[in-house]
Each structure stands twice: as C-alpha cells, then as structure tokens.
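Heads up, there are several structures right after this.
What follows is subunit A paired twice: with subunit B in the first complex and subunit C in the second.
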Partner chain A sequence: MRKYLFLIKTAWQRQLVYRATVYGYRLGNIFDVLFQVTIWTAVYKSTSVVYGYNYNEMITYVMIGWLINFMTANYGIEDVVSRNIQNGELNVYLTRPLSYLRSIITMSIGRTSIALISGVALQLLFIFIFQNHMVAQTDLSIILVIFIIVILGYFVRLLLSILFGLIAFWATDVSGLNSFFATFIRLLSGGYAPLSLLPAMLYKLSLFFPFAYIVFFPTQLYLGKLDLMDGIKGVGVELLWLVLLYVIIKIVWNKGLKKYEGVGI
Partner chain B sequence: MKTIEVKNLSKVYEYYKKQPGLWASVKGLFKREKLFTEAVKGINFSIEEGELVGFLGPNGAGKTTTLKMLSGILYPSSGEATVLGFTPHKRQKEYQKQFALVMGQKNQLWWDLPAMESFILNKEIYEVSDEDFKKNLDELVGLLDIKDILDVQVRKLSLGQRMKCELVAALLHKPKILFLDEPTIGLDVVAQKNIRDFIKKYNQEQKTTIILTSHYMDDIKELCKRVVIIDHGTIIYDGALDDLIKKYAPYKVLNITFNDKGVEKTQVEKYGIIQKYNQYAVSIEVNREEVKKVATAILSSDLPVDDIMIDEVDIDEVIRKIFKK
Partner chain C sequence: MKKYLIIWKTLTGLATSSYLTNRVDSISYFMGKLIRLSFFLLMIIVIFNKTSDLVGYGKYEVIFFFSTFNLMDVLAQAFFRGIYFFGNDIKNGNFDFILTKPINALFYSLSRLTDILDFIFLAPIIGLLIYSISKINISFTFINYASYFTMIVFGLLIIMALHIITAAINIIAIESEAAIWLYRDSMTIGRFPPEIFPGLIQIIFTVAMPIIIIVSFPAKAFLGILSLRAALFAILYSVLFFALSLLIWKKSLKHYSSASS
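Entry: the complex of A and B
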C-alpha cells in the first residue's frame, strides 16, 4: 500500500511542475462557463421555463454542473493508458513488483489533485458571482449524498477512462477514439445540458448507465428535483457500476495482456 | 543450480500483412491475412551466478525478445526458461524483486522530475530499507560520479547522464540479475566507456549475473568473456570470446614492414593471402598452424624486413563474416 501512496506523492510533484498548463486549462474553462450562461440567458429572453427549468435553476445547473465536472475530471487518463501500452512503457510496470491497474488509479489521484483544487476554486468564484441567480440547497443530508455521489463519480469516470485506454491493446492509434470518448462521456453525463432535454425514453434509459450519475444526477439532487431517496438509490447504482466496471476492466486487461505477451500463438 | 536455464525456448509473433495502397487499407479493416514470424527458435543455454554474458546479433535477431521472455514481459510460445528457480512469465513479486531490466531506448525515470524522485519511488516499490537505500545510493552515485545531477529534471540531462541514472534506479534494490538491453546505444565514445567501466566494476564487486546485448563490439570485447551469438532466432555460437576467433578465423595475420626499397607484390604472394599491400607494409593471412613457419621463412629470406608482427584477426571482422553467411 505504501508504495502506491508514494506514487500519488510523486505524481503530485510532477503535476506541480506543470502549474502553467493547469492555469491554461482553467482560462479555457472560464469561457466555457460564460458561453453557456450567455446561451441560456438568450434562450430565457423569450420564455420563462425550458423543460421544467426556470432561469435560476438553469444557471444553477450550469454552475453546479461545472463544479462537479471539475471534481470528477481525470484529464485524459485514457491517453496515459494507451500511451503506456503503445510506447512499451508497460514493460517497466510488468517487470516491477507493482500492479499496473492499481498504479494507474493511484497515480491519477495524484495527477488530478492540483487541477481539481484550481478548478474548484475558480468555479466557487463563479458561484459567488452568480449567487443571486442561483437556487440554494441547504439540506445537509442531501449535500452529503451529493458529495458521496461525486466521489463515486470520480472513480466511475476514472474506470471508464482506463477501460477506453485499454483499447490500445488492439488498435494502433486511439487518439481519435479518445477524443470521441471525452465528448461522449460529457454529453451522456449531462455536462453540456440537462439530460431532461432528451426524449423521455432516452432519458429513462440513460439512468441505467453510469454516465448520468457523474454530473446530471447530483445536480438534480442539488436543485431539489430528486429527493433523498432517489439520491441513495443513485449511490447504489453507482456502486454497482463501479464493481461491474472493475470486473470488465480486469477481463479486458487480462485479454489485452495476453495479446501483449503473445500468449498462445 | 544454474542461475538462468533456458530450454528449447521459442517465441512466435503474430502480425498482419497489408498490401500497399488505400484500397488495401480499407479491405484490411475487414479481412486481414495473419502471418507468423518465429523470432526465437528453440534456443538453449544456461548461465552461472556472477557471469557476464554478451548477446550479440544483428537487429531482429531475437536478442531483445529473449530478454523480454527472461524478464517475464513476454510469454514463451514453447519451451521454458527458469531464472533463479522462478518461471519469469508468472511475474511473481519474489522474482521481480531480484532482477532488473534496463533498456537503452526506454526509460523508467519520471521525465519531468529530478532522478532522485524516481529513486525514492523505486525504494518504496522494491521495499528497500532506509539503511540499504542510503548505502546503495551513495555507492552507485559515487561509482558513476553523478552527485551533482541528482536534483536536475531528467528531461534536462544528457543521454549519457540519463543512462547513468537509469542504472542507479535499476540497481538500488541490489538485483541478483541484471538484463541490459543496449545500454550504450546512442552514447558518445566517452559516455560509452564510462558506462562500460561501471558495468565491469559492478559485476566484479557485486557478483551480479549480467546479460548484456549490444551492437557495439567494443562493449562485448571489453566486458564479456562469454558471448552468445544469435542470428535469425537461433544461437549460432555460445562460448568464450577468444575461442570464437579461433573457430571462425582459422588464420592469423602477419603484419610485415619493410625498409630500403620495399617489396614487390609478387615477392610476398607465395606466403599466403595478401590482405593489404603497399611497398613498405604488407598484411598476409596465414593458417594458424603454419604461422610460425611462414614467419621464419620470411625473416630468413632476403626481403628487407624491418619488423614482423603476428596478430589475431579483428573480432569485428570475424563477427561480420559470421553474419554474412
């Protein structure tokens, strides 16, 4: 266990080297947030309710949605995994007394922590600025459930990223796939707009998949559109997905590794 | 028990054939012709504790594939390898803690951090005690003379400095076996020599069993008493470096210098095959058994001999001849 803690520490130190990159990303995010606010403000000029959201609720969705997006982001672990496989860096892991999967999970915690702090800080500033246009959630039990869902969401997203990264065992160039993956996750998690905008059938369907629980679900809880009971159910669904994803990753990893090692040829 | 024991070890790679052209690429998405290539073909060898063995062979001969099988990265297609009593591809921790693999073209150091951070991480990964870590580090840093670069970002180091740090990272846990895959590749002559000197000294002091692959004959000549030559996946020679010369070069070279007016080519042709000729210096290939006789004959002839030397054939040339066959 100790060695994995050191991996977090080392990854964290590495991240500190890249402060400038981190701020660069945040600068980009400022425009993302402002853009969404502008669009919705324009939409609400002609109507007062969109799919059951009034203006303040929508602004809250954007603000809290981004906050959660920052908290669950892993900034392209799928790229790290696929690079490790393709450049043969995996060899280093395979020859050392260290599990690759556990390493990549712990390393990403170290890797994302700095970005997380700066992203959350920036978003809290936004929330402070827009507080008059936002809905407040004061129920502590709801906030606690949201918090648990967000932490689980981080790991759901992380495992999904790792799973996608593992495709590199079979495909020679995955950069295109990875960029599709990032957009796909963001869309299905409700990162662009509330999933309630989807046709009812699709919306119901989306709740069976892990994506919705990353951004959309906790934001709905915050808005009070879902109650505590729903929240606890959500935690259950996420936990199930985490187990399932872990099992799938294990299977894919073992298959991929067999190909990598050239077993049975 | 032998430290490394390899029996009938083979490795077959699978790959796909692709015809040139765009249309062929599109077709390739649906149907591909699977081909196999045998990178290592049933090789046998064993290595004793503390030996420093050189693996020699052209690109694609199977050297790296063999090392990868010994370090557990690749699964052998058939045959078996036993290292320190372990089966490498099972990747047991107890085995992994006792060997290290250094690849000249890959690095295990964290690129963006000073090498020291990677060392500390390796200390944890290999569960080295504080005491041993300090002792080993001081020793290695002293031997390689890199005290002043430990706190510099790895990306800012020269290739030679980086290789030294790679070696430190690999040796901190005092492995019993060290696999070195082209450790001097791309280095300048001075850096090559530094690395070589270090490997030699380390092998002598620590009795670490080392397998070294290299393209550079100098590495092998300087370091290895025993050499294993691999070509097209098979071992074509396994034995002492000195014997290799005797086996593949059944002749020696007489280097004779002349004074006065020198000699005509026709005057020396009868002694053997002329390798190099000019008026004052001639190199002649002569069979090993006859070399003394011929030398005496030349000295007692009326040629204006100034000096005569009997030399072994250059090892590089021997190797080149072997691979040409």
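Entry: the complex of A and C
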C-alpha cells in the first residue's frame, strides 16, 4: 500500500511543478463553458424547448455536465501509456516489483488531482454564478447514485484511456488515434451537448457503449429525466463495463508484451 | 526568399512521408476532425429546426460563419503546426540546435511541421463554404470575394502573430505549453456570429484577443455587413499586432536559458 501511496505523492508533486500549465488549461475551459452557455442563451431567445430541454435544464446540463467532465477526466493517460511503450520507459516499470497497470491507475489519481481540484473549483464558481438559471436536485438518494456513477465513470474513462494507450505496442505513432478517441469519447459521453440531440438511431446506439454513462447519464439523473431505478441500472452497466474493460486490457497487455521490443532502452 | 521556399518544401515533404508511414494514425486524426465538424454542423441544423434565425442570421449564414471559422482554424494548423512542439524544444534545450541552423529560428519553429492532413481537410470545408454561399439568398459580386480574401489574409497575419507570442511565452516562462491551447480554446468563440455574445465580450474578443477580427470579420465582409471603418481598423490592427509579436519574440530570445541542454 505504501508504495502506491508513494506513486500518488510523486505524481502530485510533479503536477505541482507544472501548475501554471494546469491553470492555463482552466482558463481555456472558461471559453468552452462560456461558448456553450452563450449559444444556448441565443437559441432560447426564439424557442422555449429544444429536444425536451427548457432553458434552465439546458444551462443545468452544461454546468453539471462540465462538473462531471472535470471529475472524470484523466488528462491524456493514453499519451502516458503510449509514450512509456514507444520510448522504452516501460522497461523501468517491468523491472519494478509493481504491476504496471496498477501503477498507472494509482499514478493517474495523483496526476489528475490538481487538475481535478482546479476544474471542480472553476465549475463550482460557474454554478454559483448561474444558480438562478439552474434546476436543483434535492433527492439525497439520487445524489448518492450520481456520486457513485461519477466515481465509476472516472475508472471507465481511465481504463478506456489505458486500452487506447496500449495500441502503441502495435503502432509507431498513436497521437492521431488518441485525438480521434478523445473526440469520440467527448461526443458520445454527451460532453459537447445532450445525446438526445443526436439522430434517434445514433442516440439509442450510444446507450450500449460505456461513454454515455460518463457525463450524459448522471446529468439526466440530476435533471430528474431518469429515476432512481434507472440510476441503479446505470451503476450495474458501469460495473459490467469496468469488468469487461479490465479483462480486455489484461488480454491486450499480455499480447502486447510479447510484441514489445523495448525500443529506446 | 527562394531558400526559405525550398526549406518549406523539404519540411513539407518530410511531414508528408511521416503521415504516409503512419497511415492508420493519420486517418484516425482526420476522422476525429471530421466527426467534430459533422457534430457541430448537426448542432446548427438541430438549432434551426427549432428557430428560424439566430441573432438575426439565417441557417446558411450561420453555416457560412462556422465554415469560415473552420477555414481559419485549419489554415493556422496547416501552416503553423510546428509551434505545438516548441514548448518541448524549450523544456529540453533542443532550441539550441535550431538557433545554430543557418536559417531564421522563428521561421523554422513555425513551419517545421506542415500538417498535410489539414490541407486535405480544407476540401470538406471549402465544399461547405461553397454550399452555404449557394444557399444564401444574395447575389455576390467580385467585391464580396475580394473583401473576404483580404480579411482572411489579415486574419492569418494575426494568427501568425498569436503563434509567435505563444512561442515567446514558452521561452520566457518555459513551463507554459498551455499558451497555444489557450489560443485554440479561445478560437471556439468564433464558431458562431459574434452577436450572440454580450457587447463587452465582443469588445474583449475584438481588441484584447482578436478572434472576432480573425473569424467574423472575413465572414461579415463577404456578406457585405462589415463597415469600411471596421475593415480599415482590422487591417491596421493586424499589421501593428504582427509587429508587436515580432518585438516580443526578439525580447523573449534574450530570456532563453537553454534549459536541460
């Protein structure tokens, strides 16, 4: 346990060194949030309901959606994994008395903590500013289920990132793939806009994948568009995906290690 | 001039070879961009299913603004992709090697990687521009096209200046790779007509962070709704802003500490 705590501490210290970068990214996020609020405000000047959302619900979707996005983000763990493989840094991990996968999962907790704190703080400030235009969820059992879904969502996203990073065992450059997956996950998780805006077929299809349970699903729960039973089912779906992803990662990892040449050693 | 053209051609050739070597990766990158473009286009269509106008603009005018935003964004990435690697060069001290080359260090840093995929991505964007123009119910003349291209040229000058400033920030602060992403994030403001923003935000994004000049002014010039005064202001602003960026770059070079080298 101590060695994993040490990994978290080291990653945390490293992030403290690069804190200006984190704050720079946060400043950029302000434009993103501002853009979404402004565009929806302009749209609702000439209509009262868009695909089942009134203005307050849409603003709530943006605010809570971004909050959950910050809470589940791992800020490019796929790049860390692919870099470790491509630069031969994996050799160091392989000689340590620690599992690489567990090390990466543990390290990501320390690595994301400063970004998470600053992101959540920024978003809480936005929520405070826009509170009069937001829907409030007061059911404690729903809030508890949302909290569980968000924690599981963090690990679903993390395992997906690790899986994408492991592609580096077979490819010389994965930055394009990672960029594609980042866009794909953000879109299908509801990070750009509610998934209900998608064509019906695509919307139904998106619910079969784990992405929708990262942002869209908990936000719908918060808005009261899904009930407690749906929330519990969502927890079950996320747990299933976590197990499935872990098994896939283990298989890919074992196959990848046979291919690994330790380039850069 | 000829020497720099040859260098640019060589660098572009090398970048193309690299993209062709990593075909799956390159296609994935392209697909990611296409999905993002399609989604926002879908969003505009969804919005216009519920409303007939957005801050006074029709559907195809909004698509025209959105296409112009993509055009400027993609041109910037196509020509100045090299700056995305500049932060690492500064951190690792590799900028030393660039400084010792017998070419302008700024030119090399900006254009060391020409993003050929972005050039390919221009095809759907230009297609979207032509489509939206054909659907807007105005007869456009030579003046509309000429003013559009003029504003694009000066917009690109501002974009180049912003890239130079982010490079200078990298030299001075060393740890500041977020600077270029801050510019990219702020560009999102230009996706839609500027009138959707309150007056104060419009002023900030015209004067302090000139995204509106870069993206909205060319679109407005084409639609014939940009005043001559605003056009002249944009031209003067872009020239002065570019000159300022060169001054900042020169100052920043004096701060280069050759870290890690």
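One rule holds for everything that comes next: the second predicted complex is superposed on the first by the 260 of 265 C-alpha atoms of A that agree within 3 Å, B and C clash if a C-alpha of one lies under 4 Å from a C-alpha of the other, contacts with A are read in each partner's own complex, and residues count from 1 in each chain.
As a convention for this text, a residue touches a chain if its C-beta (ideal position, glycine included) is under 8 Å from a C-beta of that chain, and two chains touch if they have at least 3 such contacts.
None of the values given here were measured: they were computed from a predicted structure.
Undergrad: For A:Ala136, using the defined touch cut-off, is the partner it touches subunit B, subunit C, both, or neither? Pick first, second, both or neither.
TA: Touch status of A:Ala136: no partner.
Undergrad: Check whether A:Met1 is in contact with subunit B, with subunit C, with both or with neither, and answer first, second, both or neither.
TA: The answer is neither, since A:Met1 touches no partner chain.
Undergrad: Would you mind checking which one, subunit B or subunit C, touches more residues on subunit A?
TA: For subunit A, the partner with the higher number of touched residues is C.
Undergrad: Between subunit B (first) and subunit C (second), which does A:Ala200 come into contact with in this model arrangement: first, second, both, or neither?
TA: Neither partner.
Undergrad: Who does A:Met229 touch here: subunit B (first), subunit C (second), both, or neither?
TA: neither
Undergrad: In the overlaid three-chain picture, which partner chain does A:Val17 touch, first (subunit B) or second (subunit C), both, or neither?
TA: Once the two structures are laid over each other on A, A:Val17 reaches both partners.
Undergrad: Output the subunit A positions appearing in both contact lists, the one against subunit B and the one against subunit C.
TA: 17-18
Undergrad: Given the complex with subunit C, which residues does subunit A contribute to the contact?
TA: On the subunit A side, the touching residues are 17-18, 20-25, 27-29, 31-32, 34-35, 38-39, 41-43, 45-47, 49-51, 171-177, 179-184, 187, 192-193, 197-198.
Undergrad: In the complex of these two chains, what residues of subunit A are touching subunit B?
TA: 2-3, 6-7, 10, 13-14, 17-18, 87-89, 91-92, 94-98, 258, 261-265
Undergrad: Please output the residues of subunit C touching subunit A within their complex, sorted ascending.
TA: 18, 21-22, 24-33, 35-36, 39-40, 42-43, 46-47, 50-55, 173, 175-179, 181-182, 184-186, 188-189, 191-192, 196-197, 201
Undergrad: Considering only the defined contacts, which subunit B positions touch subunit A in the complex?
TA: Of all residues in subunit B, those touching subunit A are 11-14, 36, 68, 71-75, 77, 89, 91, 93, 96-97, 99-101, 103, 106, 108, 110, 112-113, 117-118, 120-121, 124-127, 153.
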